[in-house]
Amino acid sequence: MAVVNQNVKRADQDVIHRLAAAGVATVHEAQGRTGCLASYMRPIYSGAQVAGSAVTISAPPGDNWMVHVAIEQLQEGDILVLAPTSPCDNGYFGDLLATSAMALGCRGLVIDAGVRDVRDLTAMGFPVWSKAISAQGTVKETLGSVNVPMVCAGAAIEAGDVMVADDDGVVVVKRSHAAKVADAADARLAAEEARRERLRKGELGLDIYAMRERLAEKGLTYV
Amino acid sequence: MAVVNQNVKRADQDVIHRLAAAGVATVHEAQGRTGCLASYMRPIYSGAQVAGSAVTISAPPGDNWMVHVAIEQLQEGDILVLAPTSPCDNGYFGDLLATSAMALGCRGLVIDAGVRDVRDLTAMGFPVWSKAISAQGTVKETLGSVNVPMVCAGAAIEAGDVMVADDDGVVVVKRSHAAKVADAADARLAAEEARRERLRKGELGLDIYAMRERLAEKGLTYV
Amino acid sequence: MAVVNQNVKRADQDVIHRLAAAGVATVHEAQGRTGCLASYMRPIYSGAQVAGSAVTISAPPGDNWMVHVAIEQLQEGDILVLAPTSPCDNGYFGDLLATSAMALGCRGLVIDAGVRDVRDLTAMGFPVWSKAISAQGTVKETLGSVNVPMVCAGAAIEAGDVMVADDDGVVVVKRSHAAKVADAADARLAAEEARRERLRKGELGLDIYAMRERLAEKGLTYV
Amino acid sequence: MAVVNQNVKRADQDVIHRLAAAGVATVHEAQGRTGCLASYMRPIYSGAQVAGSAVTISAPPGDNWMVHVAIEQLQEGDILVLAPTSPCDNGYFGDLLATSAMALGCRGLVIDAGVRDVRDLTAMGFPVWSKAISAQGTVKETLGSVNVPMVCAGAAIEAGDVMVADDDGVVVVKRSHAAKVADAADARLAAEEARRERLRKGELGLDIYAMRERLAEKGLTYV
Amino acid sequence: MAVVNQNVKRADQDVIHRLAAAGVATVHEAQGRTGCLASYMRPIYSGAQVAGSAVTISAPPGDNWMVHVAIEQLQEGDILVLAPTSPCDNGYFGDLLATSAMALGCRGLVIDAGVRDVRDLTAMGFPVWSKAISAQGTVKETLGSVNVPMVCAGAAIEAGDVMVADDDGVVVVKRSHAAKVADAADARLAAEEARRERLRKGELGLDIYAMRERLAEKGLTYV
Amino acid sequence: MAVVNQNVKRADQDVIHRLAAAGVATVHEAQGRTGCLASYMRPIYSGAQVAGSAVTISAPPGDNWMVHVAIEQLQEGDILVLAPTSPCDNGYFGDLLATSAMALGCRGLVIDAGVRDVRDLTAMGFPVWSKAISAQGTVKETLGSVNVPMVCAGAAIEAGDVMVADDDGVVVVKRSHAAKVADAADARLAAEEARRERLRKGELGLDIYAMRERLAEKGLTYV
């Protein structure tokens, strides 16, 4: 049951960078409004916007042993993604683990549990999206797995999928779709720019998107 | 069922400005400790303090079509207020809608659901008080209503009521009471200033408010 | 039932300062991973790191009368700790009370309920860890107790225990253990520093902590 | 602020009985999918299905004084409806109050807070829909109001509105709409009966409701 | 840190039986409205009403090893009380453990976590009050402690304290107060009986408790 | 994006029946403590214990159109499994849909949202495990998908996987593992029976499972 998968394919770094630049909301729209993690996943500080390949960690509640195992699997540009096997808000990860992960090129952590040493992590510029901030420590007694498929904050994630995270939260992009989604996101950004300018000048969405007729058909009544 | 009420009376702008200056806690006390929205309504950034007339939006879960309809109803100094018809944390509103709303003089958004593009909204200085931050997008398929009475985050709100919002949350003031509440708030602020000075010098609230006798009567025992 | 205990022993200020410097995560580990308050206790602003002797307040829901009583019991270096007798998110405490508490040397507030005037409190540099931010005011009708043992956010606290609080949350240290815990925390910090340097250079925790053999014994499989 | 409104109009008892017979789901559909209280409002026992005129109670957290005041206002066929002025799960109501309320013809209690003595209440056949079951008692120190408009579990309720409650939860019907809603509910029940028979025989909703064409138009693809 | 305290004093069985007969709401009132565990602690089936001496278990999240250790400490008439060291909803306890505990005279389980095999437990007549029902199993890897003071569902509990539990939830009575609380509970029950009869006949609480004058003094207005 | 997959392989009915007989807790242990849905998924009535092949429904919040589409895909022995694309507690399913589903051999519903008409469903013997009970109705405006992989209540589920549900909750078994898991579950049940008998006679788990030595090694201290 307890395995470490060492053969993980990653998406192309250029694609990953384009997804990071597009941001969570745009990427999620570009792949058909799918892939968002639960909205309780919040950044420990504002302003970070990253993307990277998932190194997944399935860990027991209150046990962070597998984080050490996962760190050895990191490659430049990866993001650690941890889901406990049942709900837990313990602080699995702090500044020492972040020091180690950063040394290996890790871009951040997505964890459906708690994190601690958040002041240090902020100072180090190591971004974390978590369910909780908690000083409550963990043990190293029970195995879990690394780089197995898992569910994290309501989203199914496989090792090598692309995680995109910013102030709006976190979205996962299947590795096999990443290039296509990056294209769609770029197209979407271009289209939005023109609309933004028209809206700024006071033109209404009702007109830009030609909504009036369909609203009337559905029966909207002005009084 | 699906209506847009176009004839909304607003409170006087001077009154609204005085309510904004007084802030949420003072205004809520000034109207007899009523009108606060639920404490889960949090600002997306710190430091904004605004008041404005409510343009209300009753929208289905996961559908932001009515936001476009509501924006056309905005007047200078209004605040959009959205309540979904059942609990939902989707991101109904982002930077494009904010661009449009700002172009029409809107001062902010109060939404018992989610918001997205929060980094952009912060940069634009468009304040939002919401239940969630979520990139999860919405559809435009089902009608709702604009400027109807509704319940938002536990408070009953009518179009034209005055919304006051700051770092402490959000309070609603009935339009018909707004002038009276502004007067009471101003009086309260004046009274507090004198007390603050006495407290700063180390005088005790027990003495300033003459509480000792009543505490003893109720049976408080010092050991 | 309603008592104010005026004879509270405090820990040594030097010990308290060392606990503050160590911070919540280290202190909690140093006392055997105990004493953390629930992770929903969050600071109203980032960056504060304090420790002080608990002046405890057991108050009815929606009634802050006892806060006034407790303030009289404050000594230089104390921290107010309030637990409602049943769950409540009302704003028991605001800038006037903070002005009074600061005048008496209070270092902060830990409250398993709500706080308000958070912008003012932040400007004043009065740190608060709370369950909620809420403008909803309280009454002064029903007695509670001051400096009695109580449970706050899941932790048992007695008057005079040392509260340590920072961006990771809050931990309580029994007064009688405080000196020993401070020693253990200092030792822990020293040990961490050496490890941090090795991790920064890319050495793995798996090797530093000699985990590989035990992982293999437990049956971890690499594929 | 603290008032008891003694002049409350009730809906016709025949209408109320028809609404009770229709049940919550049907009544809520019959009035355009509005009026449901939050889904956390659950019956203390299964099988009760009632309707009655609301006697509303706005009470402070942890204070049930106003329940005694409200009981005097009860008329045969009424339902007590209590909303605390801020979230509270205390047990405001138990078997003694139920004995009193039943003696005056009360049909049940809807309370956005806690209830206790639930075994006795069940034995007495006094139905309650509540947010919590809690033995935690309350005080009698602070006034509230009776028969004022209020928000209870997310729904705006006025004294004299009709409350309908069953195992699906609680819905409120505006008194002025009650007769029309009862008619719509009866029509709905009749229409459902025919459909139920067709469905029982294995006919598909896709065909009965002629959905296939519209699904195809929207782009549903079978693979 | 990991200890089993084998020398636990129990309260007198006659006192315990009287507390069981009085029930949770009455006992909690009789000791000054204190001692209730959080209202999320619910029975797995209705109708059980028990009291017993607490054998306390402090266990890590997701690890039920200490339950086996605690069972050896059971005496006839005890109740197992488990609190995880951080929030957890795993199913720590099922029908095998219940079989073992019943064989040793255990009257039930109070657990601030999950329980499973609830159908079997119900059939066996082994009552449980828990935060969750969950099939999610646990490991046996990390020590905890038995018969140490701990906080369970918001209440401080020591081994040998009396747990009282029924459909209203759970209350803890300090062992040293148990006899006095039992007396107060009995007195309370006697007093209630007379009141219940008067209320049944339609007399109002406003009159029985002579509340009208005080309500008027506080300013209650009838309109 | 909106697809209906009509080619779903099911597990063998004999295997499914054995999984149903084993129950949720045993099945989840038999597959290595995996597959449990979140503990908030509760049955609408006690006593049902079923297993069946998943027909999955991914539906927008507040829109039950796809339930009608899914029902056409049902085969004898299937279980409907619905996950909304974002959190929602609406009542997607009631007695008419249950009538239709039962007519086609459906054994129950697992829904990470709300259900209504629970009294009727109970009378019909149609079991439902849901996050909520809610009368709040839904619309039929936006497409979703049927028989696609999805996450429901924290578990990844594919069409044709075996759902097992009883009073302890719900567990999913991958179709490809179902036979092996059924074997392991049967073996587990046999082993438990012998242990149950020994425990009933008062033998301790500490001895049956030979735990004493390992507890001592870990450092457990008896005082």
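By written order: A, B, C, D, E and F. Residues from 1 in each chain.
Assume a contact is a pair of C-beta atoms (placed from the backbone, for glycine too) under 8 Å apart; a residue touches a chain by one contact, two chains touch by 3 or more.
None of these values were measured; they are calculated from a predicted model.
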### Task
Touching both chain A and chain C: give me those chains, sorted by label.
B, E
### Contact distance in steps, from chain A to chain D
2
### Query
Is it true that over half of the residue numbers where chain D touches chain E are used by both copies, so same, or is it different?
different
### B-F or A-B, whichever has more C-beta pairs in contact
A-B
### Message
On a C-alpha centroid basis, what's the spacing between chain B and chain C, in Å?
### Response
31
#### Entry: chain B and chain E, separation of their C-alpha mean positions in angstrom
41
### Query
Per the centroid of Cα atoms for each chain, what is the distance between chain A and chain E, given in Å?
42
#### Entry: For chain B, residues that touch 2 or more chains besides their own
33, 36, 85-87, 89, 134, 136, 142
#### Entry: All chain pairs that touch each other
A-B, A-C, A-E, A-F, B-C, B-D, B-F, C-D, C-E, D-E, D-F, E-F
### Query
Where on chain A does chain E make contact in their complex?
60-63, 85-90, 134, 136, 139, 141-142
### Task
Enumerate the contact residues on chain B facing chain D in the complex.
1, 32-34, 36, 38, 85-87, 149, 151, 154-156
### Query
What part of chain B is in contact with chain C in the complex they form?
24-25, 28-29, 33, 36, 39, 42, 46-47, 49, 166-169, 171, 192, 195-196, 199-202, 204-206, 209, 211, 215, 218-223
### Message
Going by the contact rule set out above, which residues of chain B touch chain A in the complex?
### Response
2-7, 65, 68-69, 71-72, 89, 91, 94-97, 99-100, 103-104, 114, 116-119, 122, 132-137, 140, 142-143
